[in-house]
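All chains are identified by letter, namely A, B, C and D, in their written order; residue positions are counted from 1 within each chain.
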Amino acid sequence: MSLRRYVLRRTLLTLPILFGVSVLTFGLVKLLPGTPVDYVLQFQDATPELRASLRAQYHLDEPIWRQYLLWLNDVLHLDFGDRVVSDRSVRAAIVDRLPETLVLGGFAFLIALLVGVPTGVVAAVRRGTLLDEGSRVVALAGIATPNFWLGLLLILVFGVHLNLVPVIPPVAPVFAPESLAFLVLPAVTLGTASAALFTRLTRSAVTEQLRQEYVRTARAKGLDERTVIVKHVLRNSLVSVVTVAAVQVAFLLDGAVVIERVFSWPGLGRLLVRAILQRDFPVVQAVVLLVAVAVVVANLLADVLYAWLDPRIAY
Amino acid sequence: MPPFTTSRRRLLRWAGATSAVGLAGCAGGSGDGSELVATLGADVSAYDPTQANDTTSRKAFDLVYESLVSVDFEGNVRPTLATAVDQQDDRTWRVSLREGVSFHDGSDLTAADVKATFERYEGTPRESDVFLWYDDATIRDDYTLDVTLSQPYAPFQLSLGGVPIVPEAAATGDLDLSTGPVGTGPYAFDTHEPDRLYRLVRNEDHWYAGDGEVRRTSDSGAGEAGDGVPDSPPIETITFRIIVEQSSQLAALQAGDIDLANNPPADAVADLRQDDAITVSERLAGGFEMLIFPLATPPFSNRDVREGVARLVPRQEIIDAVYGGIGQPAYAPISPLLADYTSESFLQEMGDEHQRYDPERARELLERGFADLDISPPYETTIVTNETGDRVRWSQLVRDELNRTDYFDVSLEQFEWNTYVGRVLAGDSHRSDAMMALGWSGGWDPDTYLRNMFHSEQSTPSCCNAAHYANDEVDRLLDEALTVYDTAERRALYEQAQRRIVADAPVAFVRFGTRIEAFRTESVEGFRTYPLDSGEFTAIYAPWANAYTSTGGG
Amino acid sequence: MALLEVEDLDVRFYTEEGVVQAVDGLSYTLDRGERLGVVGESGAGKTVTALALLDLLDRPGRIEGGSIRFDGEEVLDAPAERLRRLRGGEIGMVFQDPETALNPVYTVGEQVAEAVRVHTDREGAAAHDRAVALLDRVGIPDPATRATQYPHEFSGGMAQRVVVAMALAGDPDLLIADEPTTGLDVTIEAQLLDLLDDLAADDLAVQLVSHDLGVVAGFCDRVLVMYAGQAVERAPVDDLFYHPKHPYTAGLLSAIPRIGDDRDRLATIPGTTPDLASPPPGCRFHPRCPYAEDACTKRDPPLAGVDEVQPTGASVAGDIADDAGDHRAACLAYVDDADFDGALEFAVEVAADATEDDEEADP
Amino acid sequence: MSRNPLDGRGRLRVRGFGSHEADDDASAGTATVDADATPSPTTDRWRRAWARFRRDRAAVAGLAVIAVMTLLAVFARPIEVGGVVVQPVALAPYDPSASGIAPAYRPPSLAHPFGTDWAGRDVFSRVLYGGRYSLSIGVIAVGLALLVGVPLGAVAGYAGGWVDETVMRLVDVLYAFPFLVLAIALVAVFGQGFWKLVGALVAVGWISYARLIRGEVLSVSERDYVLAARALGASDGRILRRHVVPNAIAPVIVQATLNVGTVVLSAAALGFLGLGLEPGTAEWGSMLSAGRDTLVGGEWWVTVFPGLAIFLFVLSINLVGDGVRDALDPDADTDRYRTREAR
């Protein structure tokens, strides 16, 4: 089965999942006590007619499944509708924040990989030594610190006392050098947890591969230890690291929800939490669906990469 | 943390440096490059006054729009777009507009714009801003119009201060305010990057020409306004950085990334005052924190029990521990800010008679109350609060105080804002088994402190009388006071209403609100704290209030 | 001077249950072009010895003593650079389980070409061509296309041929084959042995490790029998099969099932290999040796020459200077001063031809 | 044609060796293998796993820290169960929730080793007492998640077919939600407080166990001993309980140990977003998020000590988790040599 057909089959397989996600999101938001109209009209002595007209505007009085179908119809036309809380369209709200979210997430993911994988390899090769346990403790220190507290500490040390990095995002486009310089702290804070995970995973994967026979054959061929590790062992170990990397997408957004607030970074995480708390359900559904698609695509990419890395796996 | 080589650290420092310069340089065109960096605690969600229901949006476009009249730092009504507002009879007022005023889109201000502004409020979330009093308006000529009220409305002039004038095109649909505010104010809207920043740029042809002829409209004319205010705002660009996290905002202020921080937490004020680069200004505001009793649920249905609880609220301890010693205890709804309608002596009297902290008196009252209802203490109940930091803290202190007596076993329940609002404003809020910790902010008119909270018609869910307090006499007093124009007469009516309310104690008053601002001393000069949160940035440029701010060193 | 001289080799494993003496004072030599068989039950230390030659033991195993001289040069303290040139360059190695010996994620061609690149100055396409030639040399049909395929697309036999090709990449003088055919079925085994036979023809020394006496009989010139980490008998192949001197070797030979053999139960050597963490005192085979006497439990017999009874004290164990014909066994019976008075009453009977065997009754 | 040195010498048979061993074994040898010395397989496996765990210095240190923290938490304040004082000891000098026992924001001193917070409460007592929350949130949330996830995942893996399909699709759907976001929504719907927080963490936590055990059960149930058990007519339920799950549970145990840490961190994150436990609770995460404004102000001790407590607790849990994984790893180093040669 060729790659194209495999990707097509997998995409079709994901549709029920996306459907499930949209139903769950819709149901969940409907369960939230209070409606967006209450939010908009709170502490206003609004006349009942006004309340009714606003409810009608958001189809709040129609049966729930009809509301879902109406919403689904809009989504299929990529019209996510208007935000309840502000008069900007949902799509605009998301598009405004997408680059920021991707840059922060990507930067953190990169740091996690560049720190996590090498540490994992060293820990595995030097297994049982002080270096192994030392690197593990350092990596775990990243995962053990509550990220908002770590963020605040970094701001305090590097932003306020050393005045090295601005405390709030500079007024510059997201790819400008000073923005990226600012992003170092949030990306490090966000990436530490994932880095610790990658370290642990790589360590067990490399340890597993080091036991395989082909490593002995490689050494018997007269290859130096570095080539044996980097060329032969690493490629086999990456196979299992890749599958977990995909799950990181949702994990990174978890962290982003907190980190974006601490570093005042305008990302989707912050938008999503505020939308949940403000019952701005068009935004909630749109962002959650977007994240779900991202997670599903990431899993798909991981499987394709997995198959590309390991020839034994046929599509 | 990947190790930084020194060269990389220099890059960071350099990057750090340019960004600071970038901040200081003005994004707009020419001009002296003076910029003030202030902060907003949440993202601006609307530019159109009829849609904006949150204080952040209102304070963000406060400098862009102007209303017919404005209220200065002492509460006096000052002519702004209207040169005069004269009463014809008890239901009609004649408004004469200032000539030569233009909107940011170039169109001239005429009476038609004013009438259109009023009428476009219908069917919008902020409908009540206008339609509580507005009936009709007849345009006499381009610069005069008569406004007829649906009934005599004492706070008419003050209410005019809360209605920003927008171009008529906004009503006809030619201009879409949702893309950006268009008003006549000293600053025009420049850009808004959601969740990041909101920038205003100086409006070069603002109507005020520095000739000091702005006078107070009301007869008691206290001094000439506008003398000494330059003809155009000294600060060219105002950039509002949107920082949700309080601790990040404080860090940014100390690091110098921002010049002005809004509403810093009270207990951080002591630390900020130690930093001599930072000035903290605070002022009594219009509003109060309170604990609402569900009147339909025993034992809170009993007056003695309610007053007993009110007398157990440790107000001074709350002010010291939670608010860093700032603010004063509240024993009645109307804030001392409204000097015309209340006085210290009145407040002390209310305190002594009904609400002041007095554990022995409280024990007697509770003993009698529980006996009347023959409920055996301790009564298990909860205090419900939302996540606002100060409120969470003072409700803990009230809980501890109540639990020290053997009459109550109180636990605390915290809800995020919307779930909380859903509970507090629910139709059966008076039958819930919980006391509700809530804050209320009024305006310049005494009615805003009483009607919504204590008028029987305002019981939840139509508005905010969560206790479902219903007293015919109070209703009558409040309705009458609304139609009487004479201040002295209104004061007497409100005083009588307050006496009745405080005696019935549907709520325990805790503390009058204070507005706190912290700014970097050398980069903010002349800034004064405005008592209402939505008018926070008034002092940046308000010729009608004889106030302006410059960036000092700049 | 022999191509390979192993003297008093001592290898230990540091495990949870204690220190395992996997190889204990092993000595032997291997000449250029000669074929040495190393036989013994599982756990005798055959594989550990093979791995030790290329210093391929990793934790928790460690070479604690002895010396390994290849072409006169000491391997054990060779610098890493020299050791790398040795591995796959002068000594090629073939492993037991072909399926797992190859890296699953690289093509077969690439893995062979990699060995070529390390040991010859060929690079890129030249190395690849050499690899294809090697694949052809080891009898893989249509080597050009097969080179682009992956290990999981190869059968056991073919995969082992690839490993052999890899071992030959550096044109080695010595090929160590660690039970190369054990995982294969008999017909494939025979073809592979033919291949090794063919390769060994042009002056390639081979050390074939196996627990299958039939394979050794068909391929090797000389045989080294190992038991519990020690060499118990060393002899030319036909001397060993027809004149076994050590009881253990005899036991091994009697345990080979023979077609047409009408005995109801296979003869077996009672008991199991000893726990190398705490080997039995004296001769390690005495618990299972039918002729064991009290002396056997006290003294660990050296590798004594069997032809003439050695004068006492001739420490033969260390003596590696044996010529091709030399036949030694580590049993007190061949050490005269030992108070071993019994006699090893076993002998090998040769049947004239296959048919005559059948009707012979078991004694 | 292969050269065969034994060519022509005919086939050989060894005489004499066999007859000797026929008469009796007694004289043959002293090496006797006494069967009863070998312990039964399961205890041996756990004993060997414990031996291997003991050798991992970091893991043992982690376990020690967890033990100390548990003891401190249990003996922080007296415990009453139904009026009966079960545990009288009070290591914490002050009542953790009593406000005003000392001036607010006092730096660490002898009387108050960790200083005091905004309400004048003793931070030292609160950190000791706070251990109870973090430990119980961690253990209960993970325990319940296991109770939900393991059976569901095991049945899905073992039964296969539509059962597997539905459970796994539900898991996929839940996996698409970021863990914290789903918890936020659940807390917003069902309200805040200890059991609602634990409920939310369980609702989002069980899916990782379900997916993990399903994968393991799939591979284990292919093993021969499961087929054998089925061949002997054992019921599916019995096979699943006695043969399949015990052999598939190892990675789940490891994941559960590691998750105790993640759950405590998630509780702290929810506290940071204002969705945590009852205000004023002495739980480390709540103390951390409630006091964070003062971090910038300079009252560092209000957050540093609870933060350190969480850090130590989660770090130790992770070290123990790593230790458990290495210990339960079926073919750890030492076995490799033996299994290989014994074939």
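One rule holds in what follows: a contact is a pair of C-beta atoms (placed from the backbone, for glycine too) under 8 Å apart; a residue touches a chain by one contact, two chains touch by 3 or more.
If you're wondering where the values come from, they're calculated on a predicted model, not measured in any experiment.
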By count of C-beta pairs in contact, the leading pair of chains: A-B
Distance-maximising chain from subunit A - centres being C-alpha averages: C
Closest chain to the centre of mass proxy, which here is the mean CA position: A
Centre-to-centre distance between subunit B and subunit A (centres being mean Cα positions), rounded to whole Å: 38
Euclidean distance of C-alpha centroids - subunit B vs subunit D, Å: 51
Distance from the mean Cα position of subunit D to that of subunit A, given in whole angstrom: 25
Centre-to-centre distance between subunit C and subunit B (centres being mean Cα positions), rounded to whole Å: 92
Per-residue overlap in subunit C, given as positions that touch at least 2 other chains: none
Overlap residues in subunit A, where contacts from two or more other chains coincide: 32-33, 152, 156, 160, 261, 277
Set of subunit D residues in contact with two or more other chains: 188, 292, 295-296
In contact (per the touch rule at the top): chain pairs: A-B, A-C, A-D, B-D, C-D
Sites on subunit C touched by subunit A in the complex: 51, 54, 56, 80, 84-89, 92-93, 95, 97, 100-106, 114-115, 118-119, 150, 152, 163, 166-167, 169-170
Interface residues, subunit C side, partner subunit D - complex: 13, 15-16, 20, 42-43, 47-48, 59-61, 193-194, 197, 217-219, 221, 237-238, 241-242, 244, 247, 250-251, 253-254, 258, 267, 270-272, 274, 280, 286-292, 297, 345-354, 357, 363
Contact set on subunit D toward subunit A in their complex: 56-58, 169-170, 172-181, 184-186, 188-189, 261, 265, 268-269, 272-273, 285, 288-289, 292, 295-296, 303, 307, 310-315, 318-319, 322, 325, 331, 336
Subunit D residues within the subunit B interface of the complex: 97-100, 104-105, 118-120, 187-188, 191-193, 274-276, 278-280, 290, 292-299
Contacting residues of subunit B [partner subunit D, same complex]: 246-247, 250-251, 254, 265, 267-268, 270-272, 274, 317, 320-322, 385, 387, 389, 392-393, 395-397, 399-400, 411-416, 418-419
